[in-house]
Every structure is written in C-alpha cells, then in structure tokens.
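In what follows, chain A forms one complex with chain B and a second complex with chain C.
Take a look at the complex of A and B:
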C-alpha cells in the first residue's frame, strides 16, 4: 500500500501533498482539543500498535501489489477521528523518513489514502453503526469489524484513483484490472484487519470502556466506571 | 526503554554526517528525494549522478554498501509491481527475448526502480546516522506541530513497551503449557492481542504520569533548551547534496 517514489507523477503528488497538509493542519487544530491526559498516552500506544502491525506485509505476487493492515479503524475507535488520523500520519512519516517504506515525495498520497480516507471512512461508519446497532459487545464487535473492512478497501481504492490521475505508466484497459485486484486483495486483508480491530476494541471496552473514544463521544450520558484493573483482562 | 536508545538501523559512529544536527539532515534528505522524483525518467545519466551522490554521502557517513543494499530490500513489493508493468502497460510494444513488452511499461519499471531505490537509500542513510531522539528533535526544530512530535515521541517509546509486554506474555503462556503452533490455536493469540493492548496501555499510562509529575509539558527538555541547533555553516554544508541534486534535475529537465 505504501506508494514508493516514481509510481505517481510529480504534479499529482504535489497536489495531494498540499491537500494532505491542509487536512492535517485541520486535524491538528481539532485534535488539540481532544488530547487530554488520558488520550495522550493512548494516542502514542495506538500509533505504536499500528506501527508494529503495519510491519506485517502480505505480498500479492500475481499482480505485484502488496498490502498490510492499516489500523485506521482502530485509531478512529480508540482516539477519535482527528487524533486517529494524526496517529496514522505519524506512523507513515516515521516509516518514510527512517525506513524508506513509502517514498518521501509520495507522503502526501500515502497520508491521503491511509490516514485521511481510511480513518474518515472508518469513523463515519462507526458513528452510523453505533447508533443503529444494539449497545452490546457483539454490536461493538460488528461495528469495529465492518468499519475496519470498509476503511481498508476505501484506502486501496484511493490508490487506484491516484494512479488513474497520475500513474507514470499508462495501463490502458488494465486499470480496471488494477482496481479489481486491489479491491479483492484488500477485502481479504480487511477481514484480518476487522478481526484484529474487533477483538482489540471489545477487550478494551470490556475492561476500560472509558478508553474507547467512540463510546465516549457517541454516548455522552453514560458515566464510565473508570476502574483500572491491574494486570489487564487475563 | 526510550530516551537515548538508538533504533535498529542506527550505526554508531563519529563521522561528519553523524555530527550534523538532525534538522539539516532531514531537510537535505527530503529535498534530495523531491529532486530525484522531479527528474524526467528518460534522463538515465541523471540517475547515475544521484547514485554517485548517495555513494559519496554513504562513504562520508562510513556506512558500507552491503549494509545499505541488504536493508534496501524493504522496497521489494514495489519492485515486483515494477516488473509487472512491462506486461500490463498499454501502447507500443517491443520484442525482448521473445516477449512483447510495452515500451511505456519498461520506462515505467525503470522509473519506479531508480526513483524508489534512490529514495530508500536516502532514508536509510538518514536512519543510519540519526538516533530516534535526534530525529524527533529535528522535526521539532523544523516547526512540526507539537501534537505530532508528541505522538511520535510516545509511539517510539511505547514500541519498546509493547515488545517487552508481548515477550512477557509469551513466556507466561509457554510456561503454562501453551504451544501455539497451529492455525486453530490462533484463538489464544487473538485473545492475547486485546490483553496485550490493555497491559501495554496501563504500563504506558504509568510512564506518562511519571513523566508529567517530573515536569513534562509535551516537549522534551532538549527541544526547548535549544542547545545544539544547526549553525549557518552546517546548513550550507548539508545543502550541497540537495543543491547538486537540484542542478542535475534542472539540467535533465532543460535537455529533455
């Protein structure tokens, strides 16, 4: 998923860099209001978790694309859309600067796909599903699973859109093939991502419901019983 | 955990590149990459020039070619994409070893290979010569919003917390007779992920509260003390690399 240098041409990369910069500036402004003493360590941990999880790369050899877990839905669920997008963006920036994973000149494209599109899609779905589904652990699990699955596919299609706008090689009729391959591959990845997101979020919500941003933001009436359990769930 | 510990890619040395302040290295690396990407793909000689530039910096930083090339394997997935392009590309075809390959696709493959590899080598050089702490300090001095550097600071520290907690939980599981080797034993692993997250959070929260009670306000002391920031001379020294790269890119664009 990380676009490396030279896949998309310069002008399109520059436009998306400007877009990502503006969107991140907005997230910084909104995120500052969210970031309190509880969210600050959580944001760091979510970013670390996403960083670790993105190391698992699944190459899809038939088409030469690769995919991995994105973590946008997990971030949206636990720290909210603004700080969540910033967490994923930080992961991408550090990966590009230090590991060369995803080109530095393509950062705008990668941030748009994974940090902005992925997190936005996930949070919109979370906000919708949490209102529709019953307030139970299984309702929460379904919300996490579906939003993670959809966010991964949306982020993958963001790449297809960018390739259509400014791919350095004209694929002709094969662009639909690329879109199909990306969608199918990321559907499979999305299932894995959905399972990990759902188990993590449900466990956290069971033990420390006060830590789940989506539950706090969308259910303001419930006073959270913030009882820290030593040693975690087990 | 944390503070001065270098990451896996850091190569301890006292070379001139290591001694440069982090902010100039980050700026030089980003500008170099932008120049490489802006180069038209038919200008083969330009990419040779960039490779030479990378080799000179690597030699100055005392980073060996074997170390660099083995770490550059991270871009392998996109190399595979590059190899698919000559078959997928549209337009004019050319016969190579009995295969009808797209000319545009071949150019595209070279484009991705050359620019991708140069970008990866540039970031590896930055990683090899800059500790994590310095990297964050450099971002802070480049006026990166504090909320981003704060998340990045915690991310890099909690990575260690996460790995340590995962190791402890694995030892605990194995010593109680669990032997998760097969697919149907994934349930234990899945349940473990949530528990790992919570345990790491609670440990991380303690670390954060300890930092707060020692006067942490969102910026590390090295950042606001402002000692060791880059001098004009160091900016000029580091600017030579992107300046040469920009010249090459400009010449390539004019000759096109």
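Take a look at the complex of A and C:
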C-alpha cells in the first residue's frame, strides 16, 4: 500500500510528514515505558519479520491485483501499540530509503496510513476483543484476524482521505468511487492479513505466551479466580 | 536480556530470512490494492504497463532513489532474478533487524521492571517473566 511519488501533492505530503514525525516522537515517549531488555530485541525481530512478509505479495480474488501484509495488527499484538507503530515505521523507512519502495517525499503519508492508523485501529480492537473473548487459542486467533482485517481497511481509507486533500488527478467528484475500490480490494487483502496475523500470533503464543504483549497487558473483563502467584504483578 | 530469549529470536530471524530470501521469489508481481485502484480508467498490458486511457497512476513520478543498489528488491549487477530478489530480501531483513533492534535497545527503559512492582529489589524483568509464564498462558 505504498504511495509512489507524484500521487499526492507536495504541500499535503509535507503536512503529513510533520504529523507523522510528531506522532512517532509521541510513540517513542510512550513506548519507552514498554521497552525493556526483553521487548527491545523482540521489537527488532517483529520489524524484520514484517519486512520479510511485506515482500510476499499474495494474489486476491480480483484478477491482476495483489496485496501484502501491512503488519500493524501483528506488531500491536506482539509488542504493543506504541512500539508496534515504531516497528512498522522503521520498515517503511528502510523500504523507502534503501529499496525504492514508496516515495521518500511520500513517507509521512505512508507512515500515517500503515504505521499509525493501521496500528491504532488494530490495537483498539485488540483491547476490546481480548477482554470479551475467551482466553483460548481460538479467542486469540479471532482477535488477531478481525483486528488485522479492519486495520487494513482503515489504512486504505487513510489514503482516500489523503487523496481527497491532495490527490494530483481531479477525479471529477468521484472520490466515493476511489473509496469503494480501495475498500473492496483491501477487504480481500485484509483477509490475507488476518490469516497471516492470526497464524503468527497463535504460533508465538503457543511457543512463548510471555512474549505476546497483548496477553500480558490486557486482562480479561471477568478475571478468572485469581490464583495468588508470588511476585505475579502482571 | 535473558539467555532463554535467544533461541526464540534466532528461530524467528531464520523464518524471516527464509521468507525474504526464498519464498519472496514466488510472490505475486501484480500491482497491489492501492496501485490497482489508481489504474482505474487506464488500460494495461500483460506486464501491467499503462497502454491508454487516463487514470491517477499516470501522475506517478520516479522514486528519488531509483538508482539505489537495492532498488525494487533486487541487487544491482546480479543477473539471476532468483538470487537477486532473495539476496535483497536477506539484506533487508538483516538491515531492518539491526536498525530497529539497535534503536529499540538504545531507547529501552533501564532500571527496575515496573514502578508498581512489589518492593523486592531483586525482582528483575527476567524473574517477572518466569512468574508470568505459568499464569499468563492462553490455554
């Protein structure tokens, strides 16, 4: 979902660059509370994994169209919303500066859609669903799938907003056409994102449940009868 | 960080390297959802190049760093597509891991695990891990 140069005009791109920079600085401030000796290397791995999976464009059921993981929901699940947004942002910066993917001038727009909007939408849903769904592998899988799917659709509509503000082609008032096309394509891409996210999160939870941020941070709505564990502050 | 995280980290990195280094060669080369939405109104040939019509994608300009040695997920100078894509993916995974891991390590919080933790000075993050594992399970 990387915007190429020339698609959005310079002033709007600059505004979003300033917005993204401020938001990322805020994420660093909030994320530092989560970043300890255990989370820091895990966050590095999450970023590297997202980079790898973003290379794997999968076909969707519309002929000639592909999609790839954005990673916001995956990152939010595994390392939390603040550090998660930073993980996706690092991937986007590496892609723009080293791999020529997504214009450098468009970086603020791309970070806003994929790193900020996508991760925020995902984490809001994760926080809601993990509290109401049972703490089982299937509850976790549903949480991951739904939050990932919705996050992709939200990120896609972020682009529609940006195009409305500064798109370089006059759509003749047909912005809803673009919004509809984007929504439909990204609903299908979101299914792929959901499957990848659910598979990855359930796998990590099976191997090392203590490494899933969302399971540590979010308590169920109706707490199970608490078994006192010495020193179990979390 | 504790030694018992290394197997997980190395395993995860290995999976990422395999995906970016090998599986990436089987990825779809069609335009993604955003690019294809911007092609609406244009006709394209089998290589997804614009052949006519008018659409937003025609405004696209070249990337600032289109001449970078790893541009478009290939290593410049390597003729074999499979090797070129795979190697660029491996380099990208290692670069992303080093850059983000390094930055996160520098930015990490030092000192006691949580301000609200019970006042046992020896309760380091790793001991808190062990306490959380049995009670924090998903099953």
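Note that in this section the second predicted complex is superposed on the first by the 206 of 234 C-alpha atoms of A that agree within 3 Å, B and C clash if a C-alpha of one lies under 4 Å from a C-alpha of the other, contacts with A are read in each partner's own complex, and residues count from 1 in each chain.
In this text, contacts are C-beta pairs under 8 Å (C-beta built on N, C-alpha and C of every residue); 3 or more make two chains touch, one makes a residue touch a chain.
Please read all numbers here as calculations on a predicted model, not as lab measurements.
In the overlay built on the shared chain, the residue A:32 is in contact with chain B and with chain C. More chain A residues lie in contact with C than with the other chain of the pair chain B and chain C. Shared-chain residue A:199: touches chain B; no touch with chain C. In the superposition on chain A, contact of A:189 is made with chain C only, not with chain B. Of the two partner chains placed around the shared chain by superposition, chain B and chain C are both touched by A:100.
After overlaying the two complexes on the shared chain, residue contacts for A:55 are found with chain C alone; chain B is out of touch. By the touch criterion stated above, A:135 is placed in contact with chain C alone, chain B being left untouched. Judged by the touch definition given at the top, the superposed model places A:215 against chain C, while chain B stays out of reach. Once the two complexes are overlaid on the shared chain, A:156 sits against chain C while remaining clear of chain B.
Touch criterion met: A:4 reaches chain B and chain C at once. Common to the chain B and chain C contact sets on chain A are residues 2, 4-7, 28, 31-32, 35, 37, 40-45, 47-49, 51-52, 57, 59, 64-66, 83, 86-87, 90-91, 94, 96-101, 103-105, 168-169, 171, 177-178, 207-208, 211, 229-234. For chain A in complex with chain B, the residues that touch the partner chain are 2, 4-7, 10, 13, 25, 28, 31-32, 35, 37, 40-45, 47-49, 51-52, 57, 59, 61, 63-66, 83, 86-87, 89-91, 93-94, 96-101, 103-106, 168-174, 177-178, 195-196, 199-200, 202-204, 207-208, 211, 228-234. The residues of chain A lying in touch with chain C in their complex are 1-7, 28, 31-45, 47-53, 55-60, 62, 64-68, 83, 86-87, 90-91, 94-101, 103-105, 135-137, 139-140, 156, 159, 163, 167-169, 171, 177-178, 181-182, 185-186, 188-189, 205-212, 215-216, 227, 229-234. Taken together, the chain B residues at the contact with chain A in this complex read 7, 9, 26, 29-30, 33-34, 36-38, 41, 72, 74-78, 80-85, 88-91, 102, 104-105, 107-109, 111-116, 118-124, 126-127, 132, 135, 145, 147-148, 150-159, 161-163, 190-191, 193-202, 204-205, 207-209, 212.
Interface residues of chain C, counted against chain A in their complex, comprise 1-2, 5, 8-9, 12-13, 15-17, 19-20, 23-24, 26-38, 40, 44, 48, 54-66, 68, 70-73, 88-89, 92-105, 107-109, 113-114, 116-118, 120, 123, 125-129, 131-139.
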